[in-house]
Amino acid sequence: MNNKRIGVLTGGGDCPGLNAVIRAIVKQGITEYGMEITGLIDGYKGLIENNSKVLRLKDISGILTRGGTILGTSNRDNPFQYQTENNGKKEIKDVSEQVLENIKKLNLSSLIVIGGDGSLKIANELYKKGVPIVGVPKTIDNDLSCTEITFGFDTALVTATEAIDKLHSTAESHHRVMIVEVMGRNAGWIALHSGIAGGADLILLPEMPFSIDKICKKVIERHSIGKKFSIVVVAEGAYEAGSSVVVKKIVNDISMPVRLGGIGNRVGDEIEKKTGIETRVTVLGHLQRGGTPSAFDRILATRFGSMAVKMVNEEKSGIMVALKNAEIVSVPIEEAIQKPKYIDPESQIINIARSIGISFGN
Amino acid sequence: MNNKRIGVLTGGGDCPGLNAVIRAIVKQGITEYGMEITGLIDGYKGLIENNSKVLRLKDISGILTRGGTILGTSNRDNPFQYQTENNGKKEIKDVSEQVLENIKKLNLSSLIVIGGDGSLKIANELYKKGVPIVGVPKTIDNDLSCTEITFGFDTALVTATEAIDKLHSTAESHHRVMIVEVMGRNAGWIALHSGIAGGADLILLPEMPFSIDKICKKVIERHSIGKKFSIVVVAEGAYEAGSSVVVKKIVNDISMPVRLGGIGNRVGDEIEKKTGIETRVTVLGHLQRGGTPSAFDRILATRFGSMAVKMVNEEKSGIMVALKNAEIVSVPIEEAIQKPKYIDPESQIINIARSIGISFGN
Amino acid sequence: MNNKRIGVLTGGGDCPGLNAVIRAIVKQGITEYGMEITGLIDGYKGLIENNSKVLRLKDISGILTRGGTILGTSNRDNPFQYQTENNGKKEIKDVSEQVLENIKKLNLSSLIVIGGDGSLKIANELYKKGVPIVGVPKTIDNDLSCTEITFGFDTALVTATEAIDKLHSTAESHHRVMIVEVMGRNAGWIALHSGIAGGADLILLPEMPFSIDKICKKVIERHSIGKKFSIVVVAEGAYEAGSSVVVKKIVNDISMPVRLGGIGNRVGDEIEKKTGIETRVTVLGHLQRGGTPSAFDRILATRFGSMAVKMVNEEKSGIMVALKNAEIVSVPIEEAIQKPKYIDPESQIINIARSIGISFGN
Amino acid sequence: MNNKRIGVLTGGGDCPGLNAVIRAIVKQGITEYGMEITGLIDGYKGLIENNSKVLRLKDISGILTRGGTILGTSNRDNPFQYQTENNGKKEIKDVSEQVLENIKKLNLSSLIVIGGDGSLKIANELYKKGVPIVGVPKTIDNDLSCTEITFGFDTALVTATEAIDKLHSTAESHHRVMIVEVMGRNAGWIALHSGIAGGADLILLPEMPFSIDKICKKVIERHSIGKKFSIVVVAEGAYEAGSSVVVKKIVNDISMPVRLGGIGNRVGDEIEKKTGIETRVTVLGHLQRGGTPSAFDRILATRFGSMAVKMVNEEKSGIMVALKNAEIVSVPIEEAIQKPKYIDPESQIINIARSIGISFGN
């Protein structure tokens, strides 16, 4: 009776929990709804190049605990601005019609797109062109609106906190300033949470431009009361207040700073120069995107996947699953991609952090 | 101006995050409010026996990441029903007046009680007798009402999930049924969440009495499709439907089953007998109460501690801090201890679990 | 040119690192020697029932980090004493001739047996009957002679030590005696090493029968100097000196105690009864056999696998690979299975443990 | 009778297990030998500046599991070449006489120096000047001669392997080359072991200068057989064969390359440029020096500490404790510091790594 063929793709950067979403979709799709689930290979690229494989129950055995995505992903595969090469010349083409054709060829009645901001925007454009789509939000940065939290964030937080724990003893034994640069270009959720969890003394966030002088003041203050080490957690998108090097870009009518790279190292150099205290920098980078998903992320990803395939079964479209008040709900994709979710500098958690002695260097 | 002396105690079973609460109270109390913080030793026992020590900043250095409680705790220290020995005869006495006196002797203007259901009930009684009290909810079982979640639960969940992960490969290699008994006498939150996170095939909850036959049916069904192993997560309070051995007790006018112990072993014996498939049982026990708190628990515990001392500073009383909609709020203790928070068998998460193939044996 | 067909089987209890051995054999066998590697399913059972599958490079992709064995294993599959059922009657038969036939049918020129004491004894019997065999030692208990260490032990040690770490804070907060029962029926290596690593106060080993009175004396001594908790690590094969309940069995002309089960609980009951101090028992059980292998075990298992397939390529037989002086060597299987490797009660490590205050309860 | 006062110091870079050594020395020194143990603060600096504190049993409570060193350490405190400032001018002075005086003032009958190559050389010079000294070898790099292994190495290996595990899934999902730079300036032990444990495709060691072309050839080879990702582990001291930028320095008559920094990034740039495959670099840095020591390291560190204090009690001097054939022995410090322990490019483990398909890029 039910002969739905559903396409699934994972887009954008790696994120712990992607496989858990795929697993839930395939399990529930096949056993509860009798669907056939087609996995697109390497994100939208699979749709553009018509590269896919049917996912069976055995394909998802054992993947719940695995990082990465069995479908592969790609960061450079926007069908509306696809990079191709023609006689050695790079071109950017709109290949969205080709995508629509491939969806027909593959006989897909619906598409589930698991992705972040970028992938969901593309999904919304395809939806406007008539493709039935359900989105699943994904970002380790936790900066997606319309959902309280996304999977991947908790695992990244655990990784960052464990790193801070490891650096703590060295900081203390060597009387050093230890700087940890964590992910977060536009929003500092990982920095804020791992900083509180790891007992940081300073946390530098994109939402609260810092002053090097205030940072150094805090470090020296600690020194003067016998705390000869300091832990500084820096989001990669943090920047100095009034910094002329910060270029703003406009995304969805919102101006945001462009990351210039290496903020951790620059802050470290300044602190060492100005305080004379030995300073070391660690950049966590891709470690935060990998590893077995945390228990929390596995559960959330499973719930998202289950709800997404349920929505598809109910022939819903143009929506994204989301977490609200401990329940999985659906919201219009349109709404979800309006603007990123930033930390409010006046929020309760920021005030609490200040109250227990954490400085934001501002 | 502010010469408040605040007492702090930790009551009931061990729980990862207790030290993080204490740390936040001491840090903020001393540096922000100029308070003197007095730690009561071993829970209410410290109040009964007038055993305490003043907590200074150096006492809390490095405790954020440590399990347990630097104040000690006790399970048998109810001042309203205190067990004493008189000439070799055990007596139960009300020593609450003695407690009130000791509070005066210690010159405490307020008390922060970090504890579960039991400790908070006692706190509420003391509050009614005139002691200014702010409560901080604590339970690894997550069964406290009026707060979305408590610290300790996430760490217990991580421990339980890691255990299931470890048992998974052995189950598969040996074609065994592996049973994991986790904590949860009245409410099955750890079992439900670790079961989903660990990819369990069956989850047995106190809220949903099971049938051995249905459990065996599921195991055999899996066997028949080539899945020669099964993972069963059992909450310690799970019981067989219609089981005559279940004794009900009345707590706060609510009838609840009394744990008889060893449900994991009993279920294991039955499965092995009825299916002929080799079955092994692991009881996690106190492992779930220990270890360094997870990042999530450290943050929540820190926020609870911070808010509790803030409430004290604002001379609030009879309240408990709680998490609601990502904010820390306060609720009347009275309300919080009305009844435990059970899993609703009709809730979304239960339905999702069923949809991806998890059986509750009922 | 090289048309060797090699059989591989994993026998006995689960052990982290089995997959790493298989991976090394398949990688090196195929790419370096052009062999065809046949995996026998479920240990010797695969040989008895002629159940196997050819292992290709893609079959071993990603298995280095996985616990368990992709080939399956079995504890009850001795071809010389095979349990069968005939008209509902259990029989024990010698099916070794059938095994020899199946080896011919499968056209295997050699067999690699990855297993413990039991599996290697069977391997030696088959070798005497003319089957070219190379053994790979495997035991989490580390009680195999002729090799300094086996893979699986380090992972079990890590798991046991993490458990003790978790119980430590609870012991301290609640002033309890915490007992951890770890694996080790005949030899107490896991108990000794995890006890030292976890900071245990008492370690009970099969090699050093204990006295309950001496255990209690130590616990009370600690109490009297203000250390109100104690950590006791018990090997499952530990027993009371002069205990009449200990049955000896003779294995390879060596008399050894038979485990009666539940020694942890019995010791716990006695301590609580005799000292009046609250005591809790945790039995780690199968947790010690699972999980991703530690870095050390992955390396050792890889080296063992690589050397085993090299030996096969050089047409060696009747030998077992082993670790000696940081090199992988080969020894006659015959020699390796002579007798288990026990802890010497007069050894340096035991004396060191005593010197830092650890009691063996004897 | 025994009125020995023993000094203890920890020198050089941070290393997991330092506290475990200190704990064993203090426990055994006080309870077994009745010594008084004096901790020198911040390595040799404590001797130079006469900064110390007496260590009591309560000072070492709970430190077994903690990274870092409770005594503090310093990298720039060589008494024979001490950096001081005189009227704003930097001077290098020999303050060894001052050290000898302070040892007298502190009334130390013996000194235990826990340190690496550098600290042990200083110890040997002090010994020649008449100070009774016992050394304890410490290096996460595992490049000290005369001991099979040192504590700290296993923990660093675990950290590096976990990092590679995390990067693996991202490498696979994104079809990337992932490069991990690990510690090891002169010797590549961490790189070699974590590379094998993490399933690396390429390992670049200081002992085996690489060729970028051969590295790229391996990456492309993998690509061509469908393995679209590669994992490259680089020791920080690895360098290109014939590289003109490598400066040699002479240490103990041995010529060794000087690290120029950022080898991971340089290799990554070259690979991306030459193969066109997306490449990402992670530099683990100080993460490898921190964290709770592994079970193995806690045991080894404990045994070292115990043996060191025993040697002191027996009035041995000029020696270093070491691990040989699973026993703790003592060797002349003189011998131990002769030359570092390098990986032999013809050793068995290198050949095994090659046999299972690992390339060393040479």
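Worth a mention:
Order of writing sets the labels: A, B, C and D. Residues in every chain begin at 1.
In this section, a residue touches a chain if its C-beta (ideal position, glycine included) is under 8 Å from a C-beta of that chain, and two chains touch if they have at least 3 such contacts.
Note that this is a predicted model, so its numbers are computed, not measured.
The chains that touch both chain A and chain D are none; no such chain exists. Centres computed as Cα averages put chain C at a distance of 32 Å from chain D. The distance from the centre of chain B to the centre of chain D, with each centre set as the mean of the Cα atoms, comes to 42 Å.
Our note on geometry: chain B versus chain C, Cα centroid distance of 36 Å, whole angstroms. Counting only residues that touch two or more partner chains, chain A has 165, 168. The touch graph of the protein chains shown is a ring with every node of degree two. Of all residues in chain B, only 23-24, 27-28, 31-32, 64-65, 148, 154, 157-158, 160-161, 165, 168, 193-194, 196-199, 292, 294-296, 298-299, 302-303, 306-307, 310, 325-328, 348-349, 352, 355-357 touch chain A in the complex they form. Within the complex formed with chain B, the residues of chain C that make contact are 10, 14, 18, 42, 66-69, 72-75, 159, 162-163, 165-170, 172-175, 178, 280-283, 285-287, 289-291.
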